[in-house]
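Shared between the two complexes below is chain A, which has chain B as its partner in the first and chain C in the second.
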Partner chain A sequence: MKILGRKYLLLNILLIICLFLIGGCKPEHRFVKKTAFKDTNKIVIEFAGPVDETWAKNRSNYTACEKPDPDIRLKIIDVSLSADKKKATLVFADDLNKNQPHVVTATKISSEGKSLGTAILNVKKFYLGYLFSILIGAMIINNFVFTKYLGLCVFFGVSQKKSTAVGMGITFTLVIVASAMMSWFIYQFVLQPYRLDFLQIVVFIGLVSLSVQAVDTILRKVNPLLFKAFGVYLVLVIANCIIIAVPLILADNEYNAWESLMLSLGAGLGFLIALFLMSSVRERLELANVPPTYRGLPIAFVLAGLFALSFLGFSGMSIF
Partner chain B sequence: MPATTKTNFQLVSNGILNDNPIFRLALSMCPAVGISTTVMNGIMLGIAVLFVQVFSSCTIALIKDHIHPRIRIPTYTLTIATWVTVIDLVLAAYMPAAYKEMGIFVKLIVAFAIITMRLEVFACKNSVPASFWDGIGMGLGFMAGMVAIGFVRELLGMGTILGYDVLGFRPLLFFVLPAAGFFCVGIMMAMFNYMELVYNRKKKG
Partner chain C sequence: MDPILIKMALGGLAVLGCIGLFFGIGLALAAHKFAVEANPKVEEVLEILSGAQ
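Here is the complex of A and B:
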């Protein structure tokens, strides 16, 4: 029973999160095990069982496109099937842009004479570098504060002192990761299967308030010292649009579990960076001689504009 | 704050001038910076906010006696979320082009501090008609702020107003850049402050 004790609570929670992350990376159809890019112009689809050769070899059973432009069909010139009939390789006429996720539709998969329905498959480059680029992208290149202009109310509210800025940033990062993962889970396993997508705003905002309340309660019991330091910021977290924007973006882009984790972490850390930069400058500003009409918010806005301009320099940058 | 004694006209003008959500209360700044590149965007989002504000104010004013004080904030949030969903679906169905332009901001109306704040400060203590007019005032105030910023940015950035070519050339392309939203809002706030300063000085004589 010792493993269920309080000491191991955190470990158990982490374990559960890991399990659920691994579970979250499955492809979308029960008969498809894996999809992956191969060479420069091939996509490999691995099936759970042998498929019929006549079906698999027919090019018209597959359509493929890049996710952002579903209208542009990519031309498939050949399909080959492996000896055990479990692996189909689609060969494309042109080289694929592997930085974009691709959508492959396999119509009416047929295995041993039975039809198994149509599969819509997302093919993505899956390696750590890709996840890392999502993280850096959300953190710096597409910083939510300076390039997407979200969360400004809280941003201007708490960036007066460095200590409060850091406290707010850390609290916010913790809460956003927790709530984004929860919303991802609910969206993928409840809202989407039951076609309740239209409820996403109501559900997400409810989840966010819930997770803020949960963090509040847990922190109060587990670590009162930490609660004393960060408790005040918890109320503000909910007034931040980023915390509701991230689940909406996750739902729109249909990210998988790891990508969602990286995006939410990047959003939180990006907010922390923005707050820290801004508060450092605003602390200096206290000593400066600012014209009376600009004192307070107006000069903060002009400052944020300068930051935004410099962050514009990152735009279009891609890592790996 | 006890129930208001102001007339309907005062309630509306209060929202547009004294308590202007963008320039005076400095709430809901995200859209003011993010998508105020054209006048049309400002009008569209303004209409959306106006509807959400009016409907949720009225809803809360209707059911205010039945809300337990301890759960009032979640109730407000859910009410707003419901109305935002309605507006979101209506816009997506009937104005797909404008909806695409505004992107995620329509859904983010749910997190606008101004709406929750009006419910907390005004609608939960006043009658339905008063809340209705207050909602109209706040919505119009927000729209006025958005249109003002959009006007400056569209005129200076592209030389057009509502898509019509006014100047015939592009004076400062810089203003189309999203980062210019910050400068624009900052400078306009400073102008508001300056006007207030001058007004007060005149009053003193």
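Here is the complex of A and C:
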């Protein structure tokens, strides 16, 4: 038993190290190594090799905007190049809103006389608070059930009893984290390099059913008690639309590994919260004197509407 | 048709085929490794029962 425990610990540590490695390297363009904010009004682009000075110093080669507003171009007043010609610093006229990801386009990168094509770069602030805000955002502020109305069939199906609701929520969280990380990996390292992004829905659905099947097979042997507790819900997870929405959002926003982990975890926990709230109210509803026409599903829909209204109170909130 | 498109389509077929094969073999191995030995009598008894419900 002790040896088995150590084995699992080692495996976990290995997985976390892998995540660190993958999280660090997300190639945006094969010639751009890194992008980052600097000071209040600067963006630094680090190239893999030396670029031509005439190209790099030309302001009209760069355009920049905030990701949600691609129409509003930010004014670049100066570009400076470091001594080894690998680092270009864009200086903007106004201070940048670092809470928003920025999109910088560098047209026709030229290095030693060769043109290396156009790079579209995402510049993001990377720190723990940002990750935390993604987690809380997916969990409460943009709760998938109450503000986006996704996954309602499973939501109404299993929210009758507290015990089943919590079981389903935990199963769902496990499966969504596994499948979202896999979809992220396949999207970043297979679909995008081979320009197969248009097949993303097909691939993601396959990956979701794969992870459900894998969890089913492994759990049946490793922990039959837990498997029995999950029961039919494990298969029901496939029929949930949140589980396909999350990989699509990840692909759309070009999230990196940590952001993907946080978003999927937030989506899963948000679903768990929604199920728990709904089931505790529906358990009390059994004792209430509901008019016969409203009994069962109709009153549940009314309840879900009220929950959605109260969750609307969180909208527009931002942490940090 | 544009040869680039044909290349992309064939490349996509190959890549997705490889992914499918890889995960398929992975699942098969997992199913083999984590096989649960079921009592064959359960199946037999279920067969004999009327099975309307």
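The rule is simple: the second predicted complex is superposed on the first by the 295 of 320 C-alpha atoms of A that agree within 3 Å, B and C clash if a C-alpha of one lies under 4 Å from a C-alpha of the other, contacts with A are read in each partner's own complex, and residues count from 1 in each chain.
The working rule: a contact is a pair of C-beta atoms (placed from the backbone, for glycine too) under 8 Å apart; a residue touches a chain by one contact, two chains touch by 3 or more.
Keep in mind that what you see is a predicted model, and the values were worked out from it rather than measured.
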item: First (chain B), second (chain C), both or neither touched by A:Ala239; value: first
item: Touched partner set for A:Ser209, first chain B, second chain C, both or neither; value: first
item: First, second, both or neither for A:Ile77, with chain B first and chain C second; value: neither
item: First, second, both or neither for A:Ile186, with chain B first and chain C second; value: second
item: Touching partner for A:Lys221 - first (chain B), second (chain C), both, neither; value: second
item: Partner chain(s) touched by A:Tyr149 [first = chain B, second = chain C, both, neither]; value: first
item: Contacts of A:Leu199 with chain B and chain C, given as first, second, both or neither; value: both
item: Of chain B and chain C, the chain that contacts the larger number of chain A residues; value: B
item: Chain B/chain C common contact set on chain A; value: 199, 206
item: Chain C partner contacts - residues on chain A that touch it in the complex; value: 186, 190, 194-196, 199, 203, 206, 210, 213-214, 217-218, 220-222, 224
item: Chain A-touching residues of chain B, taken from the complex the two chains share; value: 26-30, 33-34, 73-74, 77-78, 81-82, 84-85, 88-89, 104, 107-108, 110-113, 177-183, 185-187, 189-191, 193-194, 197
item: Residue ranges of chain C touching chain A (in the complex, touch as defined); value: 8, 11-12, 15-16, 19-20, 23, 26-27, 30-31, 34-36
item: Of chain A, residues touching chain B in the complex; value: 146-153, 156, 198-199, 201-202, 205-206, 209, 239-241, 243-245, 248-249, 252, 291-294, 297-302, 304-305, 308-309, 311-312
